[in-house]
Amino acid sequence: METLAFLFQWGLYALLAVTAVAAVGVVTLANIFHAALCLVAVLIGVAAVYAALSAGFLAAVQILIYVGAIMTLVIFAIMLTERIATPASGTANRLVFPAALGSLVLFIVLSRLIFSTAWPLRPGGNAPLTAEDLGRALMGPYALPFEVISVVLVAALVGALVIARKDRP
Amino acid sequence: MSSHILSWITFTPLIGAFLVLLIPKSYKAYVKWVATLTTVITGLFTLKALTLFSLATSKLQMVEKVAWIPQFNVQYFLGTDGVSFPMVFLTALICIVACLASFGIREREKEYYFLYLLLETGMMGSFLALDLVLFYVFWEIVLVPMYFLIGIWGGPRKEYAAIKFFLYTLAGSLFMLLGILALYFGSAQHTFDWLALTQTKFDPALQRIVFLAFFAGFAIKVPAFPFHTWLPDAHVEAPTPISVILAAVLLKMGTYGFLRFSYPILPSAAVWFQPAMAVIALIGIIYGGFVSFAQTDFKKMVAYSSVSHMGFVLLGLAALTGNGFSGAMLQMFSHGIITGGLFLLVGVVYDRAHTRDMGAFGGLGAQMPLYAGLLTFFSLASLGLPGLSGFVSEFLVLLGTYITSKTWAALALIGVILAAAYLLTMIRKVLLGPANPKWNGIAEINLREILTLVPLALLILAVGIYPKIVLDYMTPAVQSMAALFGGTPS
Amino acid sequence: MNALESLRFFVPEAVLLAGGFLALFLDFFLRNKKWIGGFALAVLVVTACLCVWPDKNSILFSGFFALDRFTYFFRFLALSVVAVTILLSLASPETSGKNEGEYYVLFLFMAFALILAAAAVNLLAIYMAIEFVSILSYLLTGFVKKNPEAKEAAVKYLLFGSVCSGIMLFGMSLLYGASGSLDIAAIGARLGSPAWTGLALTGLLLMLAGIGFKISMAPFHLWAPDVYQAAPTPVTAFLTVAPKAVGFAVLIRLLSASFPALAWKWQAVIMGLSMLTMTVGNLTAISQVNIKRFLAYSSIAQAGYILMGVTVLNVTGLSAVLIYFAVYAFTNLGAFTVVSMVSNQCGNDDLSSYAGLARRSPVPAACMTVFLLSLAGLPPLAGFVGKLFVFSAAIEAHYVLLATVAALNSAAAAYYYFKIVRLMYLTGPIEKTPVASPWPIRLALAFTLAGTLGLGLFPAPLIGFVRLVLGQ
Amino acid sequence: MIIPLEHLLVFGAFLFAAGIYGALTRRNILGILLSIELILNAVNVNLVAFSRSTSLSPETGQIFALFVMALAAAAAVVGLAIVLALFRIRKTVWTDEINLLKW
Amino acid sequence: MILLPCLIPLLPLAAFAVNLFFGKRLRARAAWVSVATSSISCLIAFYCIATVVRTGTMKAQWVWIMLENTPLRFGYLIDPLACVLLFVVTVVGTLIQVYSAGYMHDDPRFTRFFAYVSLFMSAMLTLVIASNYVLFFMAWEVMGLCSYFLIGFWFEKPSAADAGRKAFLVTRVGDVGFLAGLMTLFAVTRNLDFESLGASAQAGGPLLAVAALLIFCGTIGKSAQFPLHVWLPDAMEGPTPVSALIHAATMVAAGVYLVARSFPLFEIFPDVLTVVAITGTLTAFMAAFIALTATDIKKVLAYSTISQLGFMVAALGLKGYGAGTFHLMTHAFFKALLFLGAGSVIHGTGTQDLREMGGLFGKMRHTALTFLAGSLAIAGVPPLSGFWSKDEILAAAYQSGHGIIYYVLLLTAFMTAFYMFRLVFMAFFGKPRSPGIHAHESPAVMTVPLWILAAGAVLIGLPGSPLMGNWLGRFLAGPHTHGEHALNLVVMFSSILAGLGGILLAWLFYVRAPQLPGIVARRASLLYRMSLNKLWFDEIYHVLIVRPFCFLADLLYGFDQKAIDGIVNETGLATVRTSRLKAWIDTYLVDGTVNLVGALVQLSSALVRRIQTGFVQHYLLMILAGILVLIFLEFRP
């Protein structure tokens, strides 16, 4: 049991590391297509983290919505707008140095904050949620936001349709 | 009607302004007559108020008070006393005169008279408002028509002059607004009511800050020395009637502000600021005099002479004595009529010759003898010739100042000499000397122009010979003011 | 209150939503799309009529949205702004065409989103409502066909907004983690102790990115000029007012509910940003040549003044914000109404189109002058009342520096407002034909002009109403 | 919890910082959109982690995360639509080429 | 009845108004309006004088304004001193106006001339009877104004226009001192009435001495005393009757009158009196010295006037209150006579240059004879009027103990006789030097006043002479106890000697041996050039005052343009008429916003704009930087 927990723990760390590397890949890889693939990796990695945190429903949604829907869309868009064989040069702008510095400082600041904060941990942690729990919540207290989301999606689709559709004279 | 006489005085021009707007294009010729009639009616209301005015009291008279923004204690509060009434009278008079002088305006007449009458409402309101916010409102209302009047109908650099005038004054008045708000929050009862504020004793530190804030607003309008640079531009570029109003009324709004608000509400700060005020006044007097002397532009010379003469008003204020105050008030009045007249005269010759370069003239005394006589008369009044109003006020200011500081009075006397120097030089260049053949056919000053000047001249003479006719209106107010600063009220 | 109980209070919003879907439905049948605009207007009016003055403040939908007087105020603001925008759109060639139906639908949704945002009292609700407003704004910005600039602006807007909302979300997640709750009042209660200062402040600053983006507060304002310039004029008119208003509503709710204990910290931040915002806005506005871009910077500066009221979050400050917003809405929409008239006629937004406008069409020029003077804060126009109140707030709290900077800024601002006035009155007309003024524009102009003059001359009712809203 | 909360949070912060970096440096607009997804995922990691450890009611964090995903989807749809529309007119997706509007 | 004296100045004022407004219709009758009013004033004045002689001082006062709590009263005060002046001014004034009617006959601005002269009469008479310093000062200034108008009467001539301005400005300097003196006096005594001056001045104190000195500044300016005498010679640009009336007989004597009026104040301070005496003496000598070489007939008389005024001032400074006033009276007559005579000469010959005249005696007999009478009077030949008054002054000097003053004055008296007879000999005797001049006698309207004045010049000394028991002195001294000078034979003898010696020397130089002046001039060339160039006063003032003044004015204006208003305005002026104006306004208008900071604003505007690169990732970087900065600011220790 100990060993399993140990393995699980280190496995999770490894997962985090891999995901982080993939994230770096998303932002640094010269080829946008590769970067998109890296993002898929990150998304899957994050989904795995959700699963590890016993948020299985969320993990599933992550895979379905993100990887399934959004990423397909993105990659489709990439292929629409750019040939895959675009020369690799010049995919980053001239802000690399200040951006790196800024991001680094931001990361350090946030890390320091994270470690210096005494997080008010709930003793024993919250119990894991089932899909049913979430469903009840969405139909209960979160009913209105849930409905609003649907409106947002409708509006977004209507608008996106108008904007993206080809003009016929 | 007489119960709301001050409102009538203030808003009659506004009514007239909208009437002017309503005149259809085909009746364009009547626009100026409607406007003139409006100013005359306003003048009649002022005369009516004159009969109602009691000389016996320093209290506010003909008060009108209605809540305007009750949540903020802002009132529609009009009233008059010896400080404001002469200014109201002056405004009414000058507005009639300048309206007559505007007949030469041919371009965009409707707009012109609309703005002109709007301006009159703003000026009247500024002098009559006794609620600080209301005062500020009127004060700012003045700016906008002024901007257009200079900007549309002005000289070659009109746009520059207009915006410069506008921004200068606006910047100053915004600080004034801050000061007004500071008084509001500094007063226990949270009020903008002038009467209540004068009865409140403010903390000296607050007084100083507010005084400085007010100073920014008022000194720019006066204009006191380092803030005067808008003045030559605005005066020179403005069309003649507007220069007249600028010099005769608008500048007075600054010193009126000191007299009405800064000094009675913030007496300890006034004492604290006394030396600085005197220095600013003296610099204005002497500096203005010298700079006037250096001018070759006729109008600019008169403009700079205003800096010098308004310095006397400030000096009278700085003296903090009864004579100083009455001198300052009288100087406001007499500078109004004198410099107003001078600008009219500059306009007369400019209309004919289309130049204001004094060097281009010469010998006009022979070609336009009537004009020469009037110009000489107003110049002499301006240089403080006894028997004319300028002398009395300068004398009172000097007398008042002398008691406070001999040095100040002595320095101010330099200004008296300077005034003679630049005005006589002007007369020498324009009227005297060999006649310039270029102006041989130049038309003599016409009847309408004379009509605009005569009332002013008569008033100058009357005040100069028997100043009590004006001083009597001011005396109670002066005494209560002097009492604030340790003067002995009788 | 749970969802079912809450619905009773939610009738206006429900009507709005229903109207939106109905309009979408009607779009399939109606050939003349202007009718949909008319329908949308009708929906807005009906909604406004259905709004009932809340006797007491209640929290609806299990703690997501507050139905209080504050919401009530912003409901009206949002509805009026959207209504005026639709009026402008009806007359604008930019927004006319095949897709006009969807356009009005989006605006009805927008009204709904705005009200939600103003009512949100929960981080989730705040995020959702703001994101909803943002998404609709991106869409509306890029709505014009074949306008590369509009598309470009939409892209910039989208990228900028997404990053900002990402940053805000991160801040929200931290706050949530530290407090264990998404309710802004609960956050305030949990994070009140000094031990939480660091985290709460970081959370707030990160959230400021999102809210600052909405209210175009420096340094989060950079998107605004580009977007305002390129978006269709009615949309720009809308964007300069409504999203800002709800941004301020959210900011006020957040600061007063979640961070009252940190006031001594954030007041300095907001004050600094207020001065920065007005200065940057004014300085940059001076050298603009495009009227919409010019008004964009002006609106940035105006946001700076409004932030003065936020800095002093007491009754004076809050009434200052609300009053300023009311007058600013009228004034700015009024200015854009005239801009819309001119650009409908001239087809461009160059300042040079305004040369000699006073000769071409005196009435619009005079109205524009009134609006600009009001923006400059000159009495007796509405803008002055707003200025009076924000200055009062600063002076009352003894923020002399803030007041001084604001005063200097106002003077500088007057300069560039007068630049337009100068063009209209002091220069000759390039073209002689007067600009057209169809009835929707006239209606909008009359409405905004009445507001600008009326609120300036008789501000007492508005102030009374605002006091009532604030429970005084 | 298998690993300390702080470690998860640092992971989230890293994703966040990386996303910010990407948003700042990617020349391709789609690259920026990818980076924004990274940021949103960072937030979601945080939310889920908090919902397990500090949240007063367990479901809030996860539901928030769900909403973030949904809204991200909506934003992505709109974003891609706008990018496509832009590409159609300007034939570019590179940020430094979309600067018609400035100053 | 109480208002009767008020008519004295008001009548000429009415004449002024009538002539000014109805002059066009009056034409030649204008002169008679002036003369008539003046004559009536003269009669009223005589009546008043008689009243004063019989019953003592006449006075009345009304409140003019309130100076805080002190009322400032205006009114008249006719005491013996005022009587003397009233007599002089009305009589001489009227005569000169009669003369002017002839002299100015052909001038196109004939009516204007009489308007001015009437205004002057009004002001002068007001001054004479004024009861109060302020009213006095007001009249004083109006007189100055009339002087300005009349000097510049022929304003088409630049030199006349300039001279008027110079006169006004120079006297203004003195007037300002006078005004300051008034204020000082008021501040100390709270009283500006003449009548109670003696009583209120008893308080004393150094400030009062300063007041006296400052008041004396007025005299220096108005009576052309050193160092402000420079305006008077230039004032001769005016018509000659004006020179006679204003710049010889009356106005310039007002300064002396001022000192006499303020005598109760002055006599408290011996040091001040000494200053007055020295100023007077210096002026008298200096002017006489310059007059020695002057060649313009009016300039000689002008310097002579200055010199004689110096005598009067010196007399007052030497406590010779009666002597000074007496000389004022006699001088008014003989100097008016001399000027009118000179006017007649100019009228007859058309030139003012002595070197072109000569041998006029035969052609202008009336003029010559009367002129000779005047010259004898001024030279101090007994028993003409000048002798008596000058003798009294010399006696006062002799007794004062200031020996040097006495000798200087005596020398001056000698020089006076010399230059006057130099003038007489050059103009009336010898042969005509310039062939182009065809002299003719003036009409009766001019010669009759000459004769009347000549009679005055001869006889007017009598009331003050020992022959009439010093009546005038006693009359004047009524309130004062001093001023009595016993007949002093030494002084009288030396005075006669000086006068006759001067005449003799002049005869020697200009009749007997005409080559002598040239020789003397070569021998004492420095002295000669000093005299000829009027001691370089004008040049020195030009360098020391006028040039720095103008320079300062230009400098300050430049400062105003450049430093205060920014360099932009200068450029603006240059580009006003170019099409660049608009661009210029746009570029520099910010100057208006905060003036000096203007350019800065424009610059920062340009800089701030640059942030808006249009490049979305720059914006994002700004956000990041902004947040980081805020975080650091908030978490700094």
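In this document, chain identifiers A, B, C, D and E correspond to the written order of the chains, with residue numbering beginning at 1 in each.
By definition in this document, a residue touches a chain if its C-beta (ideal position, glycine included) is under 8 Å from a C-beta of that chain, and two chains touch if they have at least 3 such contacts.
All values derive from a computational prediction rather than experimental measurement.
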*Work out which chains are contact partners of both chain A and chain D.*
C, E
*Most contacts: which chain pair?*
A-D
*Name the chain with the Cα centroid closest to the overall protein Cα centroid.*
B
*Please work out the Cα centroid separation of chain C and chain D, and write it as a whole number of Å.*
26
_Chain centre separation (chain B, chain E; CA means) in Å_ = 35
*Taking each chain's centre as the mean of its CA atoms, how far is chain B from chain D in angstrom?*
65
*Measuring from the mean C-alpha position of chain A to the mean C-alpha position of chain B, what distance in angstrom results?*
72
*asked:* Two-or-more-chain contact residues of chain E, please, as numbers and ranges.
replied: 589, 592-594, 609, 612, 614, 616-618, 620-621, 624-625, 627, 631
*Multi-partner residues of chain D (at least 2 other chains)*: 9, 16, 19-20, 23-25, 32-33, 49, 53-56, 63, 67, 71, 74-75, 78, 82-83, 85, 95-96, 98-103
*Mark out which residues of chain C touch at least two other chains, giving numbers and ranges.*
124, 128, 131-132, 135, 139, 142, 146, 154-156, 159, 163, 167, 174, 177-178, 180, 198, 202, 225-226, 287, 408, 411, 415
*Hey, which chains are touching each other here?*
A-C, A-D, A-E, B-C, B-E, C-D, C-E, D-E
*Can you name the residues of chain C that touch chain E in the complex?*
155-156, 159-160, 163-164, 167, 198, 201-202, 205-206, 208-209, 218-220, 222-223, 225-226, 265, 269, 280, 283-284, 286-287, 408, 411-412, 415
*Across the complex, what residues on chain D touch chain E?*
20, 23-25, 32, 95-96, 98-103
_For the complex, give me every residue of chain D touching chain A._
1-3, 5-11, 13-22, 24-28, 30-31, 33-35, 37-38, 41, 44-45, 48-49, 51-56, 58-59, 62-63, 65-67, 69-78, 80-85, 87-88, 93, 95-96
*Could you please specify the touching residues of chain B with respect to chain C in the complex?*
67-72, 111, 133, 136-137, 140-141, 143-144, 147-148, 151-152, 158-159, 162-163, 166-167, 170-171, 174-175, 177-178, 181-182, 184-185, 209
*Touching residues (chain side chain E, partner chain C) in the complex*: 589-590, 592-594, 601-602, 604-606, 608-609, 611-612, 614, 616, 618-620, 622-623, 625-627, 630-631, 633-635
